[in-house]
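Two complexes follow with chain A in common, the first pairing it with chain B and the second with chain C.
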Partner chain A sequence: MMPAVQLATLAVIADGPAIDGLTANGLIVGAILFALGLAGILTRRNLIVMFLCAELMLQGISVSLVAWSRHHGDWGGQMLVIFVLTVAACEAAIALVLVLGAFARTGRLDSQAWQSLREDNLPRVVDHALPSIDTAAAKWPKLTPAGVLPETDEDELLEREHV
Partner chain B sequence: MTLAELLTPGRLLAGAVTASAISLWLLLPRGRESGTARWLGTLLGIAALAGLACAGRRLGSLGEEGVFLTVSLVAVVSGAATVLTRSPVYSAIWFAMCLLGVAGVLLVLGAQFLGVATIVVYAGAILVMFLFVLMLAQPAGLAPYDRVSNEPFLSAVTAAVLLGLLTLSIGRLSAEPVSAAPVSAAPIAAVSADPLAENHVARLGAELFGRHLVSVEAAGVLLLVALVGAIAVVSRGETAGREGSR
Partner chain C sequence: MPVSTPTLQALVPALPLAAAIVTLLVGRRLGHRAHLPAVAGIAGAAVAAVMLLFSTHAAVVGHGDPHAADAAFETAKQFDSPSTLWQWATIDEAIVPSPAATPPGTPLSAPATDGSAAAIPFSIPIELRLDPLTSTMLALVTCVGLLVAIYSIGYMHDDPGYARFFALVALFVFSMTMLVSATNFLVVYVFWEAVGACSYLLIGFWFRKPEAARAAKKAFLVNRIGDFGLAIAVFLIWMTYGTLNFHDATLADGSLQPGVLGVTRLEEPGRIIGGAVGTAICLCLLLAACGKSAQAPLHVWLPDAMEGPTPASSLIHAATMVTAGIYLVTRCAPLFEACPGALVAVSIVGAVTALVAGLIATVQNDLKRVLAYSTISQLGYMFVSLGTGTLLGFTAAIFHLVTHAFFKALLFMGAGSVMHSMGGVIDMRRFGGLRRIMPITAATFLVGSLALAGVPPFAGFFSKDEILASVHAKAFPGGHDGHHEPSTVAAAFHPVSFSGRAVSFSGKASADETVAPAAAAWLDGLDRPRVWRVIWWMAIVTAGLTAFYSFRAVFMTFTGPERVPEEAMGHAHGHEAHGHGGSGPHESPPVMTIPLCILAAASAVSGWWLFSTHALSDFLAATPSLAAPAVAATAVPHAFHMDIAIQGTLAAAIGIAVAAVGHLGRRSDGPQMERFLGPLEWLFANRFFIDQVYSALVVKPLEGLAFVAAAFDRFVIDGTVDAVGRLPVAAGSIVRGLQSGLVQRYALAGASGVLLIVLALFWRLRG
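Here is the complex of A and B:
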């Protein structure tokens, strides 16, 4: 059998609690998800994507909690995950209302639209090299035209004006 | 010097962390699209994942290992795609995929109820709410702020260092006594010895509504307060807007 590459040999102090393989791997998956969410929430500027990244971090935490719960043979971790789910639902409801309010005021989902709220000693973020043209063109599926063009209702077009 | 000697665990982990930092940095939106950066980033990301997979421990049987590797790969790859995709709608859909993977990981770890609840509550309710809001508040085309990111290099390095430290400490936790038997011997018995597996959901319910009853009540009040709060924010915002326009 191939010599399994073990992080165990890294250990300076080898007297930590021995955990089984599945628990350790679950903890690593949780760590990866948490790190990805952290990178996302630090970099992305879309408010909703930032929110999704926070949820990604919560997922990483949930995986870690379940792994620890399994390790200890205790229900505490799983209970905590249930309450994490509850709090995530509340948080999503409140935050999406606030995001919609922010969008209604600025017309953008950009977190930098609110940078006037920053501390005095922080520099203003200015987008110098913002590409004006969307270089990544969307690839839509091509549908064959079918039927006749419906008559346009001008009143309806007025209703759609703001979209 | 053979390959196994060259790839000490420490070097492997350092390499994986470096590769993940560079690949995150290359793949994060930075305005200009570049094909080579994307390919290089993808390759480095695969290398980082392979390194991290080697840092994980061997499980008992091949089937178990395969199942765990599959679900965790689904979770991690689509989680990365959630962070890296330009379009927020695609981001949300990748997050749904990531939730499926996470639910699989939870199932493998023995949390059956939580695996199902994650799909029902997250993918079924929270994510649909996200998509609703995205559809309500989506400007035409890809917005400029979706194509740039704040401090991509520093953030990628931060995330990779955090990942490296966590993996290192997890590796330390799994340290067995130096003179222990070969590692492949132990886990087979350990996997089937999950003390929470027997009669799982009934015991989880008993624990939830027994020992944690007060917390359940508090969570119910929290949900109600969030509901009322969300409605209050919306209606106050509307009246304020109307008064402002007069």
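Here is the complex of A and C:
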């Protein structure tokens, strides 16, 4: 992690106060979190895990923001972190809905299943073959009912494949 | 007279123009009354034209004895001042090397070899002239136009383009009256094109019919060749004479600018330029006349023009527009008079056309096409007459033009009446014996044919006799006491030859300087009795052919067992409206037969009346162009030569007799006498393969060129453009593989990019 710290030192605060140990630790932890998240998002194919990794990267940035905030004695960084957390919460809700929606359409959480936006005439990328799913036999999770059950047409319920 | 002459002159073209505009604007709303503006406008123009004719005639007669030596020219001088409508274009100082534009008195034998140029004003005035020739043409065009317009009320009565037809006819009458009224070569050119455009529109009137559209296109393209000749002639006249006016104009500074055909120039011998340049001008004018008047080798458009409505064929392609060439040559008579070679060329073209068209007409089975070839043949006759270059020849051509307008309009309208009754069928083999069904049409058609064949005392006999007399005088000089050798008389007026003058304008000599005079001299050399004797015999043979094919048409159509095609049976449209019940073949309604009767009467008596009184020839002799000393010197006393008349009549009688032997009372679909001609019949029926020759020489090479050009366009030009278009695609295909649709790859690319930037920053900041 030293090059990263060195880089940060060089890049941002070439003429600021010297970085003390606590700031350096914060930056190191932030960098580790960011790197883990990046590695996860590049290597994992499960949409939910990829999503969690993205959150991890976000938190890594937040930690470094806090560290820099402390280093400069400026609350702006921490305020920004609160702001990021708020936005991340909203984004998490939307992202989870999208993931669930994608899952509802195909029954898959594998990101490799979603490559229809590729160029025409290109073959499908197959890293490891997608596991086949017997959708009929699969046991789907039941979400705990909350609130008032919406009125649903029986026919419409029949037409749904699952969930 | 309550209306002044300039007003009348303006009214003649203005009324048809107004009628055309009104009909075009509100014609559809007028419905079945759409003919009213056109008929009223042309009628008004006809009244004005006839009043002008009388006033001009009074002016000629009132000017003393036209037989006196110089009287005709003195009379003609009053016709050299046109009435100005407005100035179209004015350029104060047009630079033109113009020795001929210098004031009279300046020796013309000193061409401007030093290249000095005179700055002279160039203006295109819209002016209307009035002289005997113009007033004759005006009266002819408007009166025949009026009869045709009235006839069209019946002929076109249920056509969806009813209003359009009358608008075009009115527009044509406007253009034609302007053409003969114009007193400037450029204005002539404009209306020369305008009548061509009207002709195009009327030939292609039924433009949904592919043949009609093709025929219109063909007529337009062939006419363009002639128009090209006229354009070149106009350029040459401007370069040679420095003006395009016919008349003498007074310039702004009060000086006199002699017109090309103005009395000032005509008065003085040698002011008309002959030689190579003059011959070139005349040959270009002849080319123009050949295009418009359907003379060989540009005659091919006229037979196809019969695809148009019959009244249009009658008015434009028989009676009036095709005579524009005759008019132009007559108007430019002094120019031709200066170039004997060009005159011979006119006659040769006319004689060849007359004979060839006559031969083709003998085997045509389409009634309208017989008449079309007959028109070409008769126009050729007029050209023969013009080419004699004598006053008798010019007046005889106009005389024949007038009588031909009557009887050819009559024949065409008779053919239209037959076609109308036969349900659109015009093939003579499919009907016969119609004299009982359509007695008026049959009688008037017979009168027209007698006039066309030149049977005394019908109109064609007298006009044809005058033409033959004018040729006879050239072919057998000294043959009659009254006939002088015109060229010796006119020799005093033959111009100084300025060979190669046009070339010297540009200040550099070229091969033309030696070739062109030699060619002109060669043409001049054709002006000898032996050539004229050939032309004379061609004219006599044509007279016999004319009688043969016109009576062949009469016999095939109106005699023999009565037969009508089945199309005529279903032809029941509008009968109730016209008040004659029942269906099937019928005589045409009065609105069609009355014009026929009027024209038949004119065809019967006009020739005898005009010949016996010499009214027309004396009248025309007062036209400045024909009163010019060079032309007037060729005048001969009026005479009737029995031997010429007998030869002409004998030829006609033989023709009629042969036609009677072959066709009188026989079934028109039976074996025809013409079959005995064998290969000749094949040659005539295929029209001497002229169309095929054009196809092989012009159309096919052009099509080949077009094919090559199209291939070049498709493969070379389009190929280049397509190659440019494929470049981005090719470049894109290199990096297309990156677009895999997998989010991980995109994320990897993004992360790599960030890493690259970070490293770059790192190295930079450290460095």
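We adopt the following convention: the second predicted complex is superposed on the first by the 104 of 163 C-alpha atoms of A that agree within 3 Å, B and C clash if a C-alpha of one lies under 4 Å from a C-alpha of the other, contacts with A are read in each partner's own complex, and residues count from 1 in each chain.
Simple rule for what comes next: a residue touches a chain if its C-beta (ideal position, glycine included) is under 8 Å from a C-beta of that chain, and two chains touch if they have at least 3 such contacts.
Computed from a prediction, not measured in an experiment: that's the story for all the values here.
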Per-residue contact with chain A, leading partner among chain C and chain B: B
Partner chain(s) touched by A:L36 [first = chain B, second = chain C, both, neither]: first
Touching partner for A:I48 - first (chain B), second (chain C), both, neither: first
Partner chain in contact with A:L100 - chain B first, chain C second, else both or neither: first
Which superposed partner A:Q112 touches (first chain B, second chain C, both, neither): both
Touched partner set for A:V125, first chain B, second chain C, both or neither: both
Set intersection of chain A contacts, chain C complex versus chain B complex: 3, 7, 10-11, 14, 38, 42-43, 45, 111-112, 125
Chain A partner contacts - residues on chain B that touch it in the complex: 4, 7-10, 12-13, 24, 28-29, 31-33, 52, 54-60, 64, 68, 72, 75-76, 79-80, 82-83, 86, 88, 91-92, 95, 98-99, 102, 105-106, 108-111, 113-114, 117-118, 121-122, 125-126, 129-130, 133-134, 136-137, 139, 141-152, 154-156, 158-160, 162-163, 166-168, 170-178, 183-184, 186-187, 190-191, 194-196, 203-204, 207-208, 211-212, 215, 219, 222-223, 225-227, 229-230, 233-234, 237, 241
Contact footprint of chain C on chain A as seen in their complex: 3, 7, 10-11, 14, 38, 41-43, 45, 50, 111-112, 114-119, 121-122, 125
Touch list for chain C against partner chain A, complex: 736-737, 739-745, 747-748, 751, 758, 761-762, 765-766
Chain B-facing residues of chain A, complex: 1, 3-29, 31-40, 42-46, 48-49, 51-53, 55-56, 59, 62-63, 66-67, 69-70, 73, 75, 78-79, 81-83, 85-94, 96-101, 103-104, 107-112, 125, 127, 129-132, 134-136, 138
